[in-house]
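Read from first to last, the chains carry the letters A, B, C, D and E; within each, the first residue is number 1.
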Amino acid sequence: MTNILEVKSLTTKVSGYTILNNLDFSIQENELRVVLGPNGAGKTTLIDMITGRYKPKSGKIIFNGEDITGMAPDKIFVRGVSRKFQVPNLYETLSVYDNIMVSLKGRRKVMKSLLGKVTKQDNNRIWEILDFIMLAEKAEDSVDTLGHGQRQWLELGMLVASEPKLLLLDEPTTGMTKDGKEKTAELIEKIALDHTVMLVEHDMDVVRQIAKNVTVLAQGQTLAEGPLSEVVENQEVKAVYLGKGVLDGT
Amino acid sequence: MESIITQFLNGFSVVAILMIAAVGLAVIFGVAGVINMAHGEFIMVGAYTAAVVGQLGGNTFIAIPVAFLVVALLGLVVERSIIQWIYDRPLETLLATWGVGIILQVVMKLIFGPELYYVGAPKILDGGFRTIGLLPFPWYRLFLIVIAIIIMIITYFVLFRSDLGLKVRAVRRNRTMAGCLGIDTAKVDMIIFAFGSGLAGVAGAVLAPIKSVSTTMGFPYAVDSFMVLVLGGVGSLWGVVAGSGLIGEAETILSFIYNSVIGKLLVFIFIVLAIRVFPKGLFGYHERT
Amino acid sequence: MNRRKFLKNSAVAAGTAAAATITDFPYFFVKRYAHAAEGDTIKVGILHSLSGTIAIIERSLHNAELLAIDEINAAGGVMGKMIEPVIEDPQSLVQVFAEKAKKLILEDKVVAVLGCYTSASRQSVLPVFEQHNNVLLYPTLYEAQECSKNCFYTGCVPNQQLDDFVPWLIENVGPKFYMIGSNYIYPKETNREVKALLKAHGGEDVGEEYAPLGHTEFSTNINKIASKRPDVVFSDLVGDSVVAFYKQFRQFGITADDIIIGTPITTEQETAAMGPENALGHLTSFNYFQSVDTPENKKFVESYKAKFGKNEVTNAVMEAAYFQTHMLAQALEKAGSTEADALIYEGLPGQEYMAPGGKVKIDEKNHHTWLWPKIGRANETGQFDIVWQRDDWVRPDPWVDLLYPNKDCDFTNPSVLERLKSDSKDRSGTFELS
Amino acid sequence: MVQNRQVYKAPMFPLWAVIAAVGIVLAIATYPFYGAAYVTSLLGKFLCFSIFALSIDLIWGFTGILSLGQGVYFGIGAYFTALSLKINYAAVNPTRYGGTIPDFMEWNGLTELPGFMVPLQNLPFAIIAGLFFATLLAFIFGVITFKRHIYGVYCAVITLAESLILQEAIIEYQAYTGGFNGITDYGTHAQINVLWLILVVTIIFFIIGRILTHSRIGTILKSIRDNDTRAEFMGYNVANYRIFVFCVSSFMAATAGAMYAAWNGIISFLDAGPVFSIEGVIWTAVGGRGTIIGPFIGAFLVKGSEYFLSGKLAWTWQLIMGALFIFVVLVMRDGIVGTIGKWWSARKKRISN
Amino acid sequence: MGLEVQGIDTFYGTSHILHGVTLSVPDGAMISVLGRNGVGKSTLLKSIIGINPPQTGTIHFNDADVTKEKTHEHVRAGISYIPQGREIIPDISVYENLVIAMRGKNNRSNQIPAFIFEYFPALEPIQKRKGGILSGGQQQQLAIARALIQEPNLLLMDEPTEGLQPSVVAEIDTIIKRIHTERNCSILLIEQNLDFIRDVTQQFAIMDSGQIVEEGNIEKLTDEFAGQYLSV
């Protein structure tokens, strides 16, 4: 197995604060990696760096053997990295169907999309995805009629539609009911069957439901990494979540 | 050669005029994120205030505080009635304030009629002093330079050395947190809008004696001020100084060598290219988030 | 600009707008017109901007014409009918001038239009008048070099303002001229004539410069002027620029004792707006000043002030607007018809009137007006003291002899007339869709 | 999986709309035969204004960029055409100086047509050159600003300055542009075939606008307008799309300008200026931005009422205009069409419930 | 008296975060709220202080209904708030950060009250430094000082120990205890650090999925008990 994503000694600062501190991190192909960590540990910032939203102060990001550090977001996307935002980030005035439609893989160039039509295959693919994210009934409705959970699913569906090599999911279950969380976790598990997924998650029920490999970030660095069962027993990790001082060695 | 030197001095007075005109707009844009398209009309109202003060027997020195108050009040009314509802839609503030500008023009014309109004310079500032050039440098232009410096200093003190300024900077940087510290953010917006408007009023009052006063006088000032802001960058007093300095001197020198339209054209091209390099302007500040 | 009106205005500005005060406002209630019985009127278009940048001056022309119409109607009207002014506001925009002219002619079916101030607006409406064969009376001084059978020009043309003025300046002030003007056709053409006159009379042209219209920052230009040390600054600046230029000129310490500003365009209106001290001693050449001492003028100034406010001033263009309205009424009587051709070929040419500035006459040949050139020096009240005047009237010559020897319009030439008449028929036959 | 399911898509050209459109088009096309000449002359103008408003709507309503300088492109189209017409007209109808070149060239001291203007003698070439030049300028402008992520207020102010500078340049270089006087007296082109031409072009642009906004690319444009961050992270080069639409819209504006110049018989710097540009924005806002029919309704309504009211109301009209700006921003944000549309869909929802 | 939160429902955008939360903080109490990330603890504080006001339910403070009041009005009524991540205003100095808090409470003085530097001696020498360049510990001290200078009746604290060194955590611990006893101020505290909670507070409430699921005295909060709701 090769590493599809490698982050090498990444450092970044935002208005004087160090968010990521010399972070090394990698994900293998077809892996489902869960990233845990307390607030402010740098999880979202890591995703921002990988997807080109901000440029790191130093360090390198290598995706699929290519250095993508500092590339524009759309260029990074075309190479196969899709991200989901913490707060669902949708096209508010479009219908559910159209949200998926504009996310379908390919045809990102102006002239191509000018001539492009929605083919039968496209249509079938969109319905497939709508079924998958359980929104087929809502296909014609505009996005602002969706409930919060459905919005999260729709964004997942949009990512799937773009057929990326790597999905970065930033807390896809926030603001959901228990039932919703379970369903979302199932979705993610299904997606992970044929995609590489990096999941940032807080909810331990969700994590327990789907996680195999876990990385714990704290203060911009990797605190622990490994299979869930091992990491859960790690004293430092417990400390982060259960209150034993992080560095006091107890 | 002597002409060039005089011209350079002239340039300073043009810079001063730009600075006086632009600073009010800069304060409002920098803090509240609103481009006030009625800025020129605010200047116009200031100029008419000076005309009224003049007719009542006052001079420019009296007109300055009166114009400040009158236009600040006007700004307050505009902010409360219109702007406060659309802070989150900056593009639409452009349209709304443009409408305010039109209305102000009509209303002023209804009150004062369409003719040009006369505003004289204070007697004490008549004449000028000899420089190395051929012409005496008018005292009034020197006064403008002084006023520009004073306005910049006052604005600096208001924004950086006063309680209000402290609140303003806190609000600009972190609106939510400022509220959590007990600052009435809506009131700060209101006051700063009134203050910026008041500065426009002062601009009108001091510019009236060298220009003609009419209901349509404002727009060119507004445009010049936009240019200063775009070049200098938003939310920084240094931006206003740098923007006015570059544009003012460049325009005067270029119009001496060529003519004023070519001067303007070159300056505009220069601004567009500068924007390409510094999208936030020379002293750009991150806009309100 | 008198103090009482100002106080009153300020009071309103301060918010004490009592209805009684407002009704006095000259502008608030522009008195429209006294209606005669409908259908029993002769409609005359009035096409002056009431809004926009040139409304400042055009409003006074509009008023002068309304005053004249009131006088005509009070005296019994024309051909037994009242004159009904149809007012349009072209908003100082040249396209709107053309648009409104079209409306006046096609929709309101006016017999003639009194209107326009700038050359730009006149040029924009002329094709409309020619195409629809209607009559325009144009009161402004202008650069001339134009003949249109549909247009009657009652303002000065360069030979009436410059032919005496420039030599007088050379002789009495000095030979070195620096020309500064707004950048459009009128100053350019005028300065061409001035340069020709300088050459002919031993003057010297030391500089020529044009500022964009509406320009108000003249420090650079004044600096340039000072470096050339002329005797006369010949200014054809217009509008806001005039005021800003005079003010800044004096602020740079230059008075009429050092350099005289000579101009064919600065009127009483501008001297009032800039403050008399800034105009003091500078010269203007016109056929009329408010200070002209004739009974006609006394009556004109008085009735104008009575109607539109005591603080109003009159000027040459207003005088023309006033007398051209009276001449139109006389022409309608003379022609005995409201047909355009009757006015053009019989009514207006050769028409005479005792105007406030002296007796005037529309030239049969070129449709311009015989006028009385004068030179005025601005005094400390903003009025002009007449320092020189010609003792006879001067024939208008739209094609000044210095530049265009032997050229003139001739609407008395039978062959020209023949062509024009058939031409206008052709045009009205093909143009438009209904 | 069920195959070949469809979503209901509003038809690109619904039957009722087509019928209504045909009716309106026929009414306008035949109007000169039964209507007043003055109104006819307004009709042609308003159609050009409508296209201009549509061009603003394309970039503002559909991609969210507010240009306060759209008049630049309208003006370029108008000036190229008017110059060409004037040069040709002057060649056969001696000017007041008796020469065969436009009078404004003569009083600026030119004695013959400047070399670079010789090609403009060919009218089709002049029109095409104008359209091309306008589009090219839009492209350059787009590359400078959009590629640097300059949007919003900054962009609006820069476009405003752009039109102001063009306006000043036109006045300054009067030997080639007619300056302050504009270009006038170049023959009459307010003929029925020109009206029909304007009508045909209007229909074509209407259809192009409809296709651009209701096909796949239209959906993409809307998605960029709604959420450019999401679109960017979905692999769309947002700047390129915006440049593309900006070019299309400039082309439309220039075409409108060209036809306006021919129809109106007089143009001036004001047609390229900031006030005209902002007026166009307000037409769009009143009609309803983000709709194709909105700009047409807005232009006809605002401009129409201006022509019929301003004579009688003079200064009041300006007051109304000012209040309209504020009203549209504060109260009627979706414009006439948008408000009706919202009301309609709310009603539908009520009924279906 | 004190704070009474009655059945509030709060939304963040379209997500329903708080579901009928009821909580009371009597005068002089010190209560900690626990729960995993994302259960709505911070939103609870934001609802109380008025940043994200509840859509239904009421909030009373000292018997006055403050549900619809603006943030700054809460502050004037006597509630101060220390947000997560400190939110020090970076481009003004420590002194100015403090002064601005005084102004928020209508205190026109330019003199920082002496008790502030008694509590936070570390701040005294660095008053001229810009807020943005302070260390995490200094920032937390400043954040608390900024709230304290307003002499509140109720202090809301959102994770005051997050991301701090153990030594600093210990300092903060003492300071909070001192504030509670010496400044006559009730405290509502969000924390994940169990030891810290057990050391400083007397009462606790546990939140899960936008609701308060457990309340009680601090003795009840054993590792096992907490683990039910907080376990990794």
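The rule is simple: a residue touches a chain if its C-beta (ideal position, glycine included) is under 8 Å from a C-beta of that chain, and two chains touch if they have at least 3 such contacts.
Since we're looking at a predicted model, the values are computed, not measured.
**Q** In this assembly, which chains make contact with subunit B and also with subunit E?
**A** Neighbours common to subunit B and subunit E are absent.
**Q** Greatest Cα-centroid separation from subunit D: which chain?
**A** E
**Q** What is the chain whose Cα centre is as far as it gets from that of subunit B?
**A** With centres defined by C-alpha atoms, farthest from subunit B sits A.
**Q** Which pair, B-C or A-D, has more C-beta contacts?
**A** Output for the comparison: B-C.
**Q** Counting only Cα atoms for the centres, state how far subunit A is from subunit C in Å.
**A** The separation of the two C-alpha centroids amounts to 75 Å.
**Q** Please work out the Cα centroid separation of subunit A and subunit D, and write it as a whole number of Å.
**A** Once rounded, the distance between the two centres reads 44 Å.
**Q** Measuring from the mean C-alpha position of subunit C to the mean C-alpha position of subunit D, what distance in angstrom results?
**A** Centres of subunit C and subunit D (C-alpha means) sit 36 Å apart.
**Q** Nearest whole angstrom, what separates the Cα centre of subunit B from the Cα centre of subunit D?
**A** Here the centre of subunit D sits 32 Å away from the centre of subunit B.
**Q** Quick check on subunit B: which residues sit in contact with 2+ other chains?
**A** Correct list: 106, 109-110, 259, 261.
**Q** Scan subunit E for residues touching two or more other chains and write them down.
**A** In subunit E, 90 touch at least two other chains.
**Q** So which bits of subunit A are touching at least two other chains?
**A** Where subunit A is concerned, no single residue meets two or more other chains.
**Q** All pairs of touching chains, please: list them by chain label.
**A** A-D, A-E, B-C, B-D, B-E, C-D
**Q** Within the complex, which stretch of subunit D touches subunit C?
**A** That would be residues 32-38, 40-42, 96-97, 104, 107-108, 168, 171-172, 174, 179-182, 184-185, 188, 190-192, 195, 264-268, 270-271, 307, 310-311, 314-315, 317-318 of subunit D.
**Q** Quick check on the complex: what are the subunit E residues that touch subunit A?
**A** 12-17, 36-38, 84-85, 90, 132-133, 159, 162-163, 165-166, 169, 191-197, 209, 223, 226-227, 230-232
**Q** Could you list, by residue number, the parts of subunit B that touch subunit C in their complex?
**A** Going through subunit B, the ones touching subunit C are 2-3, 6-7, 10, 13-14, 17, 48, 51-52, 55-56, 106, 109-121, 126-128, 133-138, 140-141, 209-214, 216-217, 220, 252, 255-256, 259-261.
**Q** Residues of subunit A touching subunit D in their complex?
**A** 51, 53, 72-74, 77-78, 82-83, 85, 89-95, 97-99, 101-103, 108-110, 113-114, 116-118, 120, 123-124, 127-128, 131, 136, 139-140, 158, 162
**Q** Applying the document's contact rule, which stretches of subunit C touch subunit B when the two form their complex?
**A** Spelled out, the residues of subunit C in touch with subunit B are 1, 3, 6-7, 9-10, 12-13, 25-28, 50-53, 55-56, 59, 183, 209-212, 214-217, 219-220, 222-224, 226-227, 240-244, 247-248, 251-254, 269-270, 272-275, 277.
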